[in-house]
Every structure is written in C-alpha cells, then in structure tokens.
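Look for chain A in each of the two complexes below; its partner is chain B in the first and chain C in the second.
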Partner chain A sequence: MGTTDGHAGFRLPSIHAAHAFFTEQPNPTTQSVFTDNWTRLILSYARHRRLFVIRVEDAEVAGGDWDEILRNERINRRVLPSYLNSLISAMVSRNLAYYEPPKQTRSVILLWRLPEEWADVLHSWGTATGQLNTILTLYEITDPPVPSPLSGIPLSLLRRTITILTRSGRAQLIGVADGEGVRLLTGGK
Partner chain B sequence: MALRRYTTVVDGTIPIPALLYNDEELLASQDNVGIYDGYQKAMDHQSGTVHVTTHRLFFMNVRSAATQSFSMDLSHVIRTDHYTGLFKSSPKVTLFLDANSVSNSGNGDDADARFESWECEVCSYRNPPGLSPAAAQVCSLCGVPRNAVPAPTSQTSSGALPTPLASFPTSSTSLPGTPSRSGSPPPHGNGDPESIACSACTFLNHPSLPVCEMCFTPLPVVSQRFGNNNNTRTKSAPSSRPVSPVSAAAVDPANLLIKLSFRKGGEKALYNILKRALKARVWEVSRYRHECGFFCPLIAVEFAREGRSERFRGMANRNVNASVKNTQTELSDAFQDLEALMVKARDLVQLAAELNEKLNASSTIANTPGSASPTGSIFAVTSLAPSAEPEEAKFIRSSLSQLGLQMTNAPVTPDMIRDERRWIGELARELAGILQGTSDDTPGQKPSGIMRQRGIVGLDEVWGGWNRARGVALIPPSTFLQTLQFLPDCTSPPIYNRTFKSGLRVLHTPPYTHASFTARLLGHLMLSEVLTTSQVAQEEKITISLTAEMIEAVEVDGVVCRDDERSAIRGGGSGSGSELRWTLNMFEEYVWDGQTFD
Partner chain C sequence: MHRLGGVGLAAFDRQRESQRSFAELSTELSKTQIDHLHVQLTQFRSALTHFASNHRDSIRRDPTFRHAFQQMCSSIGVDPLAGPRRGGWWAEMLGMGDWQYELGVQIVDVCVSTRERNGGVIELGELVRMVSKLRGVENGVVTEEDVVRSIKTLQPLGAGYEVIDVGNGKKMVRSVVKELDEDQATVLAEAQMEGGRVVEETLVTRAGWTRERARAALENMLLRDGLCWLDAQDEQHGKAYWVPSAMRWDE
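Let's turn to the complex of A and B:
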C-alpha cells in the first residue's frame, strides 16, 4: 500500500487502497478507526476541490465529483450507499457536517472549516479588501468579482458564519429591500 | 322400521324385575333417554328410561308407559357405536341390528307361550315357566330340545348317532330353533291346497304348479314355504295381489339400527355395561350349555321313539352330569396353574428388589469415606469406584449381567440411580462414551465416537446421536444441557460446550477453543494475507457456517477485519451469495499519509 496522486493533484492515503476500508466493519473499534480516516479523507478532498456538499447519491451513481474518493477502480471496490450514509451521520454527530436541507439524512454540507474558522476567514477577507463598514449583500460575498476564499460558500453556511460574527460584535445583519445585507465591523478582537 | 321389526311392546307400568326372565339379570338403568328409529327420531319414544339386562334392552316410556314401552333382545345387536355428542347434540349409542334375525316375539301368542310350563318329552320333567327364550327351548333337566321328538330331522338322527362326540360342531345348526317356535311344527303335508301368487301377474296358482298358469313365470318353490314363516302368512291373507317376499327384507341394512340418545348424560357407564352384556352373550351361553350334552338328547330321541324312554332317563342324566363335571375340572385346573404362576412371579420380583437394595446399600457403604472427605467434590461421591465395591456385590452384578438382567451398555435411567446429581454424572459419563468411544472396547477395534474424528460438533447432532444410541429412555434437552457441565471431567481430551453469538451451540475439543482458533487463523492470514470464509473452512476441515461463526467471534476481538465482495465495482456477488474475505486488522496503528494542508 502506498499513497497515490489523484488526477486533480490530490494525494490519496494508502488506506484507500485497502479492500476492507470499503466495507463497514461490525467491530465498533475497527469501524471507528475507519470512520476517522474516511472523515478525514472526505474533508480533505472537499477542501482540496472546494466541495461543500456530499450526497448519498454520489455513492449510487458514478460520474460525480466524489468518484475519486468513493471508488477505487484499481482494487475494484466502492463505497456502498448504505455505508456512505452511516459515514455521513457519523460526521454530523461529530459536528463536521450538517444536514442541508434539514430534516433529511441524504445530503450534508461539509464543514472542512468550522463556522468559527469561516468567520475569521470572512472578517479577514473584508479587512483585506477594505470593505469594513460597508454594507455587503450575501451574494457579493458568495460570488465576488475577484475570487476569494469564500467563493461558492453555501448561503446557509454563510448565515451561520455571520451569526457568529454578529455575536462577537464584528458584523451587523441588515435587512435591505431585496434581501439581506451585512456590515462588517472592526470588532473587538 | 327397525323399531317395529325388532322390538316387543311391553307394559311399562309393570316394574322391571317382574318383566325379567328367571335367568335374566338387570344390569343398569338410565333415565332421560330418547330413541332414534334408524336415523330418524322415533316420535313416540322421546323420553323414557332404558334398562339393560343380560338378555334384553328395555325402554320404559315416561308419557304412555303402558302402550309405548318396548323390549328388544340383545341377540339382534351385531355392532355398537358410541358418539360423544357435540354442542346441543346429545351423546348417542347406536345399536346396529342383524338383518338376518327377525324378532321372535312379534305377536302376542309367542310371548304367552313362553311363559307356560311344559313337560319334557324325554324325561317327563315339568319345566317351570319364566326362562329366557333360548333357555326355554331345552329341558332344564335333561337338556333335550323342547320339540326334538315330534320333529326330528333326518340329519340329526342318522349322522350323530354312531359317533356322538364328533357331532358337536354340527349340533348348533341342527338345533331346531326358529322355525318351530309356535310350539307345534307347521303342517307338513300337501293336503293344504294353498294357492301361490305369481310374482309377475299376481294370479293365484295351484300349489302343485311349477310355473304360472297365466304367464308361465316360474313360481316360488313349494318347499320354501316350510322355512319361511312370512311367506305362508301373507299367502293365507285374502289377497288378489302378489306381495313382495317380505316387507322388512326390503329395508336397507344400513338403516337397521336404533340409537339411544342420552339427553341428560350417563351414556358412558351404560354403554360400557351394554358392551359387556353383548360380549358375555348370556343368551348363547345358556344355549351352549345345553348343547354340550346334546349327544345324549339325540340318543334319547332314538330311545324315546322306541318307547324305551323310561330306561333312558337315568342314563341321560348321568351323561349330562359327567360332561359338565369335565368342563369344570378343566377350567379349575387352568385357573390353578395361573394362580401358581402369579405367586411365583411375585416371588421373583421380590427377590430382584431385595437384591438391588442390598447392592445399593453395599455400594453406599463403600463410598461413605469418599463423601466424608473435606474437599466436598461431588465426583468423589458420584464416581462409583469399582475397587471399592465389595467382592460379593461385584459377583452378584456380574452374574446378573450374565443372566441378561443388566447389559453393559444399557442406557442409564433415573430409576437406576436415585440421586439427581449422580444421575447427571452418570449421564455425562455415558455421553463421553458416545462422543469419544469407550476405552474398554475390544482392543483390536478402533474406538469410535462422534467426536473421534472431529473436533467440533453441533449440539443438535450430539443430542440426536446420543438419543439414537440410547434407544430407550430418551434424554430431554434440559437434562442434556445439565449433563454438559459435567462433560469436561469425564472426557479426555476435555470436551467443552460453547455458544456462539447467533445462539448456535457446539461441543468442541481444546484445539477449537477461541484462543487456539484465533492463533491459527492469524497464522493463516499472515501467510496468505486474504482468506475467504470457505478457504478457512477448508483449512480447518469444519463446515462453512461453523467457520463463519468462529471467525466472527475472532472479529469481535478486532484482530481481523472483513472485506465484503458486495462492495466490488465489477462482478462480485450480491445479497447472500457474496463471500466475506478476511484480512488482518492492520489499521489500528494507521497514520494518515494522504493530502494535508499545512
């Protein structure tokens, strides 16, 4: 077993080449090791490719963004949807993902950065681009003209981020005519 | 129809004892009984009391006792049936009646004749009235049939005389029973110009004509008339139409039955008594008794004809007495033999019981020191050391077994051993013999047992095999499970009992304990990295399902992990057809070696 580089420049861990890694283990100790490694693998890959969402469907249908992780053609193994589902629920219970939309268990938003980390990223981005004290629409943050670390961030995750900034007094949520706006403040820190 | 044909009307107001024959006995009574004539309810006989006697069945109607009561001879009954009743249907007793027998008491004259006293033709003894019909047919003193002299048949007179003893079997048929009931034989001569009705055109023909004068249909033969009472009777009636032979004969035999419906129960006791009465056949016994001495009456007939009856009387009496005496002595001899045998048997049983007690006493004495030991181990008590047994006891035991009273491989049964614990212990030893083969087998033969060749066997198989080997006094599963805890002490190598997660229970030898199997499995995996369940099973020479159970037990420890072929992209099985592949679990110490971000 050795590490391999995926076609998108992602270095796959050696455990991804083990057959047993793709089977859910009845032994809880063994399975917790596997879950740890799967969580890390999924989050790393998501961060590498800036993927925010993983669905159970990604294990059911080939050809999606996640094929490189969920399938290993070289050893003829793939993650079964039921296994992915239990991995997802394990990640949710560890606060590394949350169900989006809520009240279902087949699709999650991955927190490869925790909301607190995202808050720091947002604030520092605002500081760096000199947009403190100006009112920004949420759209201006998720889809800025110049690509930013926040590009493509899902709205639900952005709202959580802003909520955290609001609590620490570093942002203010403002209702505007056509939606919501946010004003980043210099804040405490 | 069955009711009318077989029963006689009696006056129900007369108390039962007054209706009985002198040799008849009342056996049982039951009230609240209804009668079914065939399959239909007999409307006039729906409530009454049934009395069963040795000869007859009485029905005393409650409503109109004087006119609607009847009696029926039990001799008509050929079969009985019992129906226990269901919901509202009362329990019933069905009496199937003989289609060939006709009630001998259809008209009042016969019944009256029976109660007359008569004088025997042979011995001049005046027979008292009141005997049952069968008994009344023969003289109670000399045993000569009542009508033997006036109507002797040629068969009896010629055939029986030279060899009186050999004539016994035929005598029953030659007994003039039914036809001569009316007291005097029917007119025999042909002086009676009785005309015969043609069965086709109903013309009344002269009796001497063989065919009908009108239509040439063959006429019934004249001689038949003698044996058929009904025929003569119908012919004597002024009728212009032919009558079918007998109206009763047209009745379907299946309908010839009477049902007693017990509205208020009591059917069981009555049915039993009825069955006993039918079995006893008292009416026939009395007839038989007279037939025994029948050869004498035949001789008597001859003598009587020649007018020498006076001389014969004493002789006949002597012969009757001698034959009765013979029968009695033979019977009493047989009973004496039987009694003697029973006495001996009781002695034998007693002897065996005493012997057994003595043996038990001696063996417990021998074992007392062992039980007093402070270790308190139950096996010190339970194991019956042969050396501790006194010589006498050993001798007795061995002679018992030589007599075939005790087999060496006899199954242990609870009555052989009083103590529960010892019983289980003995069972464990027996089971050990079944599993591993007994060590004291013949030396040339290799000891055989269920687990001689195999190290692990399912509990069900062991249980089945053991009980098959026992053959008698089978062991219930509960006792079997109790026995298992003693098994390791009786076996070498010790055999243990193990329950898998699925509930499967097995017996196994030390090589198949969890620890040693784990060690072996890890060794195999070390060599070949990946093994399927069936490969392991092949390696271990045990069944796949057992292997799966054992590997899964190892998996619980976390030293192996599985690879399910269902997660293959191409090929691979699906559902239960896929196989598990096992590898060593080398992931405990795995350190992330994939992509990292600073």
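Let's turn to the complex of A and C:
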C-alpha cells in the first residue's frame, strides 16, 4: 500500500491505506500507535488546509472539509463518529486541541500551532505590517484586507493568543466601541 | 557320563552343600565390593569437599578458573548444578548454584528494564556489559558463557528466556515469549497469502479448524500479543484481522 496525493498536494501517509486504521483497536498498545498517527495526520492536514475546527459531525455526513482524511474510498473505509469522538478527546487530553464551545465534546479547535506560537506569529505580523501601538479590532486581525498568517483564526484562539502577549508585555487588551481591541507593543518577551 | 558329585543319594547332599558355599562366597564378595565402593565414594566425596572448600572462592571470582572447572565437570559428565536436591549436592558444596541463580536474577533485571527500549531482545555482549555494571565488577569477570548457563537455569520458570543465534557469531537473548505457536504460524501463513487479511472463515475452510479454534487464535494475536489489527468494517464478514508484518507497504 502506498501514499496517495490528495488535496492540493497533501500526501497521505501509507497507514491511511490500511483497512484497520479506520477501526478503534481493542489492544491498547496498538491503539496508542494509531492515536499518534491519527493525531499527526489530522494536525498536518489541518495546517495544510488551514482548518481550525473538526467536529464529530464531520464523520457523520460526507461532503465536509475532512472527507479526504476521514474516508478512504479506495478501500471503502471511514472513521465512524464514535471513533472520531475518542480521537478528539485524546487530542484534547494532549493539549493539541480544545473544546469550543466549552462544555461539549463534539467540536474542537485544533492547535496545529500552540497558542505560544500563535503569539509570536501575531506579534511578528503586527511588526512587519507596521501596526505596533495602533489599536486593532479583533476582526481586523481575523479578517485582514490583505491575507495574513492569522486570517481565519477563531476568536477564542485569538483571545488565548493575546492573553499570552499581554502577560509578556507585548500587547494590551482594550475595550473599543464595538467590542474588543488590541494594541500590540514593542516590549520584549 | 560324567556326573558332578558322583552317584547315589549322597550326591544330592553334596550338591546342596556346594551350592550353599557358593552362595556364601558370592555374598561375601559383593559385600567386599560394596565396602570397597563405599570407601571410594567417601574418598571421592572428601576429595570433592576438599576441592570445593579450597577452590570455592576461585571458582566464584576467577572466570578462567570457572571456565576450566565447568569444562572438567562436563568432560566427566557432571553437571555442577544438577542433583536430586535443590541446586544439587555439588552446587551446594561449591556455592555455585547461588552464584548462578544470583546472576540469573540480575539477567532478568537487565532484560526487564530494557524491554521498553529493545522490545525484549538484547544482544548478548550488551547484556554481559549491563550485568557486570549491575554487579559493580569489571568487564571480563562475568563471561558470556556464564550468562548463557544462567539463562539455561531460568528455563524452568517458563518466562521464555532464550539465547538465539542470529548468525555471524552474534547471539541475542530474548526475554519475551514471542515464539509463535503452531496456530499463529498458520495464521501468519494465511495472512501472507491474502496480503495481510485473515478472517475466521479462511482458517475454517482452508486450515480445517473449528470456528472456536480460529476465533481463539485470532483474538489471542489481537489482544494478547498485538500481532494483528482489527478491521470492523469488513464487507464480507464484518470483522477481519490484519497482520501488519504480512501487509505490503510501499514505504
């Protein structure tokens, strides 16, 4: 079994062509190997396509962003919702995802970059675009006129990111007329 | 016709008489022989005791001497560890048994603590090095020969400790029961033919097993040994087992 080129040059790992990869394993040692592989696959695909969210629902209905990963038509296998649910919870327990909205377990934000890494990305972007010391609304960051590395970042993840920057004195959270704003500061780490 | 003891009734008496004396003589002879053997055995025993008390320390400390001693034992057909009693008289006399068992415990220690990293197979030289380190002795004090002999004493424990010759003069020590039983070998052979996939049905029709035997073999490989994977979406049977070592991977 070999690797297949999928969405815009994404290379699926060869284990994705193994029938059993789509079944939750009763042997815990085997399952932990599978969980590692699934986690890596989900995060790298998410990064490749800039997907921030995965839902149990993605395994229930076809036609979503995740079909290429959660299904393999060639061997007629798919990840069942219950399996995706347990993979998601394994990722949450490893701090590679968090439930959003909170208090449910069917939808997560994927951390293909950790909040600390996003903080650096945000600060570098602010510096590179000459927007230090100006007040930016969160919307200007998530949906900038010129696409940026932060385009489309979910608000909850952006807030976590800003919190990290404020702790190190590199940003200030400010209330503005239509909600929240942030002022990026030069301050070092 | 020559008749022993002559003729007449008196001949019977005479014959009985001589038979009695022969019997007496034979008893006496055997008694002498047994006495003689007893003396010899006592001498042997005292010589051994003397040897043991004299060389006990050298045997335990000096690998060259130990090797010579083991060779002497095997050339006269004596196993220093064998005997009717625990450890054997020889072994008790020399303290050889304790030494060997002690080494065995340390071998188990090393094998178990490195299992995570090496999957239960360790190179013999590496094992000797680690056991020496554990004992706090220099290299060469414990030899490969000692370790191999100790591993043999572990065999009755049934933990699967075994020295495997992998060729090129390299020896490995296996500390997990990974030996495939006959049923597992059959499953592997079937899997090999099907690109890794095995179902109960295959084993029933092709190997002529009962369904129970097929299920038990597959479930053991799946749950106990982790030698195969479960596919719960098999189109034909609902449940198929995949043996990764029999699957074709491009990478």
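Convention: the second predicted complex is superposed on the first by the 187 of 189 C-alpha atoms of A that agree within 3 Å, B and C clash if a C-alpha of one lies under 4 Å from a C-alpha of the other, contacts with A are read in each partner's own complex, and residues count from 1 in each chain.
The criterion applied here is as follows: contacts are C-beta pairs under 8 Å (C-beta built on N, C-alpha and C of every residue); 3 or more make two chains touch, one makes a residue touch a chain.
Every value quoted in this text rests on a predicted model; they were computed, and no experiment measured them.
With the two structures overlaid on chain A, would chain B and chain C clash, or do they fit side by side?
clash
Going by the contact rule stated at the top, is it chain B or chain C that touches a larger number of residues on chain A?
B
Output check: A:N27 vs chain B and chain C. Expected answer is one of first, second, both, neither. What do you get?
A:N27 sits against chain B and chain C alike.
Looking at A:L41 after the superposition, I want to know if it touches chain B, chain C, both of them or none. Which is it: first, second, both, neither?
In the superposition, A:L41 touches chain B alone.
On the A-aligned overlay, A:T186 touches which partner chain: chain B = first, chain C = second, or both, or neither?
neither
Quick one: classify A:A18 as touching chain B (first), chain C (second), both or neither.
both
Which of 20-28, 38-46, 164-172 or 200-208 in chain C clashes with chain B after superposition?
Between chain C and chain B, the clashing stretch is 200-208.
Which parts of chain A are touched by chain B and by chain C alike?
3, 14, 18-27, 29-30, 76-78
Mind pulling up the chain A residues that touch chain C in the complex?
1-3, 14, 18-27, 29-30, 76-78
Quick check: in the complex, which residue numbers of chain B touch chain A?
Going through chain B, the ones touching chain A are 530, 552, 555-558, 561-564, 566-572, 581, 583, 585, 587-588, 590, 592-597.
In their complex, what parts of chain C are in touch with chain A?
Answer in residue numbers: 197, 222-223, 226, 229-235, 240, 242, 244, 247-251.
In their shared complex, at which residues does chain A touch chain B?
For chain A paired with chain B, touching residues are 3, 10-16, 18-27, 29-30, 33-34, 37, 40-41, 44-45, 47-48, 71, 73, 76-80, 83.
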